[in-house]
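By letter and in written order, the chains are A, B, C and D; residue numbering begins at 1 in each of them.
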Amino acid sequence: MRVRHVLALACAACVLAVLPAFAEGTIKIGFPIPLSGPAALYGVPILKGAQMAVADLNAKGGVLGRKLELLPRDSKASADEAVRLARELIIKDNADFLAGTLTSAEAPAVSTIAKENKIVFIAPSAKTASLTAPANLHPYIFRFASNTTTEGQAGAIIMSKWKDIKKVATIAPDYAYGRDAIASFVAEIKKLRPDIAIVDQQWPKLGEPDFTAFITAQMSKQPDAVFCDLYGGDFVTFVKQAMPLGYFTAIHNRLADGGEVGAVDVTEPLGANYPFGIWSDAYDPVIWPGHEPAAHKAWVQEMKDSLKSPYGSGWAIQGYSVILALAAGIEKAGSTNSDKVSKALVGLTFDTPAGKRSFNANHDADTGEFWGEMVKDPKYPFAIIKDPTYYNPEPVAVTD
Amino acid sequence: MNRVALGRSIPWTLVVFLIAVWVPALGSRYDTFLGTQIAIDALFVVSLNLLLGTTGLVSFGHAAYFGIGAYACGILMKTYGVPFVIAFPAAALIAAFFALIFGFFCVRLSALYFAMLTLAFAQIVWAICFKWNAVTGGDEGLPNIPYPKLDWISSLPGLGDLSIADEFYLLTILMVALSFAILRQVIRSPFGRMLTTIRDNPERAAFIGLNVRAYELAAFVVAGGFAGLAGALYGIFNRGAFADYVFWSKSAEVLIMTILGGINYFWGPPVGAFALVWLNQEITSYTQYWPFVLGVVLLVLLFGFPGGIVGGLVAGYERLRRMLRPRHA
Amino acid sequence: MLDVRKLSKAFAGFVAVDAVSLAVETRQTTAVIGPNGAGKSTFFNLITGHLRPDSGQVLLDGRDITGTPPHRICRLGIGRSFQRTNIFTRLSVLENVQAALLAHRGRGHDFWSRSERFYRDEAEELLGSIGLAHQADSTAGTLAYGNQKQLELGIALASDPQVLLLDEPTAGMSATETREAMKLLERIAGERGLTLIFTEHDMEVVFSIAEKIAVLHQGRVLAKGTPAEVRADAEVRRVYLGERP
Amino acid sequence: MAASFLFSQFVGGLTTAMFLFLIASGLSLVFGVMRVVNFAHGTFYMLGAYLAWQAVQWLSPTGENFWPAALLAALGIAVLGAVVERLLLRHLYGREELYQLLFTYALVLILGDAAKFIWGTGQLSVTRPPVLAASLHLFGAEVPLYNLFIMILGPLIALGGWLVLNRSGAGRLVRAASYDREMLDALGANVGTIYTGMFVVSAFLAGLSGALVTPIESVVPGMDVEIIVQAFIVVVIGGLGSFWGTFWGSVIYGQVLSFGILIFPGFSLFSVFALMAVILIIRPWGLFGRPIR
């Protein structure tokens, strides 16, 4: 008798332990993203944006009647780590979808995992054109960010208007993002201004702690202007080291940076030490005098509250929008089956705080960047983008 | 002490292999996943232990040959479309070749200097992997290494329809078991005996007529080759080769696994690999501070159980046997 | 047999061995004596290739072996024991001797056989002759000190040497142990026709078995000759024998 | 190319070199005397940086009190070094080198995570001390005063270290300890105290260099692993255990890195690894080391 009781109890315990795994529970979204190191400056707000979206959607009853659950993991901006986490999220944690990753090293690596496991993966910030190039495109990869082609072209268009420059240098992190963006910039600037010569190209690694030698080497080639793709913590360190070396004075602050260093996330830590007068971009200018959409204003307030930050972040919008896009896809597909969601996402138009966006047949969203000159404003203790202008040059067919 | 008869006559490699075969059938997808990782790590640590436990050489750069194997196999399979049956042994040969070159310089130094030199060469390999964008993919690594063609495994009688991950698992444990059998034999061979004399006393070893450096180099090359095999499998398993594989912290990690299991036993290091992988997946569900836990485990090991898990078990078994046996025996 | 000519070695300006010459006949037993720091061990290390001499020559059977690495010297027929016991502590006694046999016979490159199957009988026989047969399966490191010294002799003999260099073969032994060890040495040298060169502190031992004695002092040869000649040497009496406690 | 640019490239390289020397000297001293390769040296450096940031927050976020904060940080790390040596490391002296290596690696893991736990994973930053915030116009190049300060401090520390090692009684004991520990024990010198002292001095240097780097570089997790690799290269190039070797190793490293970037921009950090490879092939024991076997 006793034995049977014990057995029954044991069985019940087992069933209870196993139950949650089988219940039609939450929709799980694996979210590997850099939460440490210099890239965390962007990774953390992206994650917070995503968490905000999940909270908003769940407050409205979730998607298809099921709550969303975000499974964030620190990818340390390393492709190796991101791959490991992505597989663990799928195999161990039974994630239904993947979103996240920050760098263009992580996203392509995770994309192959998504393809193999037939799980939809939406990248909020990886820009490398090769992510969705024909050779690498598969049904499950989607990108919400603008791509390196757009970014390089935007930079070239801006720089082509600086009439007196003849010698241009570039500096960008030495991996897919930097290399692709610089390639696109160089191709476009040569088209727009054949009189311009590229005099120097520097390739520090991502997370470089000491830029001094790169800076002095670049100065020795005496460029008139610089196209830069350093971003996040790297840009903060770069500026800190370049200022006393007279780098910005030498180029008269004629530098364009496509790495979203116009976002509050970078301008705030640099404060008064920001190289005012350079041109840069942000996905979300946050401080947006002029033609700001009404919905955006309300959302920014919510975002600031949610981030507990008086100035918010220019990156939260990427995390937020990715989750909205995924939810819209699931809603349209009426299922969490990745094959169906993937079909639903192609051509889907959805709302984001900065307006409507849609995924094209190439699985890229038509996301552009807000560019402008970085200026002082008495209302803020840091640089802001003057007249943020939306740049979204026609996406060009990418040849691999 | 090290002459325990316990299980000497049992062909452990075969036994463990026959048990491991059942994992895909009985376990979850995640068990197979962990099993693959443990099997590959086990091969990696056993190759290191040929240096550490058998020859008495502390290599702090063993990850170099693991990484070279991963890149070599990955580049051959992905970039050049070479089939696995050729790429896999080629990875071992290439890793062994690099071990020969680096080892040539390393064995000229001894003890701590040897360890530091192996580390230095491993960092050079890392720098090459990290910077040679055109070949290794640089910072982004070499993602998307294709799986080998393994449909034939599913067509074997009695196996049924297996997923590619299951098939790769079976391939992995087969390769690891074969490697174990070879390494076990090498250690038991006269060559292996010569290595143990070098471990115990290099001065004396030279004076029984051994060219100590040549033997150390040979051991280094063999260990490098098998580390290369482990790396080749890992590159496919982890769906890519990355510069992190070669970084010095990876070398430290294998050393930890090896001594955690116990360097005085062939099966010590694989037990260490099993324990560490298992512990990692248990701990990471509770806390993100895995390095902290690993550090504490390491401290406990260094101060409490220098013989490692298997060393501790054998010592406990010995004590128990002595307690249970009548005195006069 | 062994002819050492004007061997010199200096360490950072300090001359440890200074133009030492020594000719040893086949089957002769030679003792090299001298106070601590006289250069005895360095002298041995120069002969066996552990150190490279600054100048001078070592000839074995008329063949120049100066600067040859230790493992080759060993192959050429010079065996040696060390001042600090040098055995393979974690192997069994039998495995120690087996390993030496394998190494000497060039079997070390063999990857595909089992090492324990080689030369079992020979190793056991050798252990018998040095009186360690009953300890064959013990771990070498656990042996008593005297037995470890015996084993070291066994390892040296496994290389089938013609010349055997022994650095303080009885260091740390009691008087009885010393007597037994020397008896064993004499017997084996006789059986195998060995040429023995040894260093020793115990003058009783030295004068009882050495046929020839060389006295080293501050790196130089102070005196050479038969025990009687050396005993009679005034210089030796003054600087060396006189200092004996 | 104008000479002023070469000069500024040279100065940049020298700054890097002197920073590296500050860090690597401690690593080299501990190895030279105690035969311990302290992987945790980089972690001491990182903790020094975090402590300096913390002290600056307490004392004055605007940066006037940077100097006391830096000193405080260095002293804090020295105390940490003493605790580590006295409580843990000393129990491993009799053991194989492998155990000491792995012990210091355990410290890397534990202290690195502790720093993450305390200060988070974000990037922290300290402003330049106002006294040295300006730049000097020298031979047509801008040389930040702070870099100049580091370039002067490096050789001073080298000279000081050399004087202490070679001209003082304590230094003689330290050098003797590096040759033969047993002999020193027999002479009645307290080797334990010498070792503790050495470890504390080395930790102080690591903490100090960590504190001093904060005005130019960002304080982030992982900066320990980054720096230990560089310090290690310097020590290997110069020769393990050679104090002056470490100094010249740093100088060579800095210049090769700096001019490598100028001449072969595509290769950047690879130039120093190539340098290390060449030196190891010619002299595996380093430029100033002694062959040991």
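Definition applied: a residue touches a chain if its C-beta (ideal position, glycine included) is under 8 Å from a C-beta of that chain, and two chains touch if they have at least 3 such contacts.
What you see is a predicted model, and the numbers here were worked out from it, not measured in a lab.
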Item to check | Touch-connected components when chain B is not counted | outcome: A, D | C
Checklist entry - If you average all the Cα positions, which chain's own average lands nearest? => result B
Item to check | Longest centre-to-centre distance from chain C, chain (CA-based) | outcome: A
Checklist entry - Roughly how many whole angstrom separate the Cα centroids of chain B and chain C? => result 41
Checklist entry - What is the distance in Å between the mean C-alpha positions of chain B and chain D? => result 33
Checklist entry - Any idea how many Å lie between the Cα centroids of chain A and chain D? => result 36
Checklist outcome for this item: Whole-angstrom distance, CA centroid of chain A to CA centroid of chain C, is 74
Next on the checklist: Where in chain A do residues touch two or more of the other chains?
Outcome noted: 74, 174, 205
Item to check | Touching two or more other chains - residues of chain B | outcome: 131
Next on the checklist: Please list each pair of chains that are touching.
Outcome noted: A-B, A-D, B-C, B-D
Checklist entry - Where on chain B is chain D touching in the complex? => result 52, 58, 60, 105-106, 108-113, 115-117, 119-121, 123-124, 127-128, 131, 248-249, 252, 255-256, 259, 289, 291-292, 294-296, 298-299, 302-303, 306
Item to check | Contact footprint of chain B on chain D as seen in their complex | outcome: 35, 37, 39, 88, 91-92, 95-99, 101-103, 105-110, 112-114, 116-117, 225, 229, 232-233, 236, 240, 267-270, 273-274, 276-277, 280-281, 284-285, 291-293
Checklist outcome for this item: In the complex, the residues of chain B that touch chain A are 29-30, 33, 130-131, 133, 138-141, 143-144, 238-240, 242, 244-245, 281, 288
Checklist outcome for this item: Per the touch rule, the chain B residues reaching chain C in their complex are 1-3, 185-186, 188-194, 196-197, 199-201, 203-212, 215
Checklist outcome for this item: chain C residues touching chain B in their complex are 48, 50, 69-71, 73-75, 79-80, 82, 86-92, 95, 98-100, 102-104, 107-116, 118, 137, 139, 155-156, 158-159
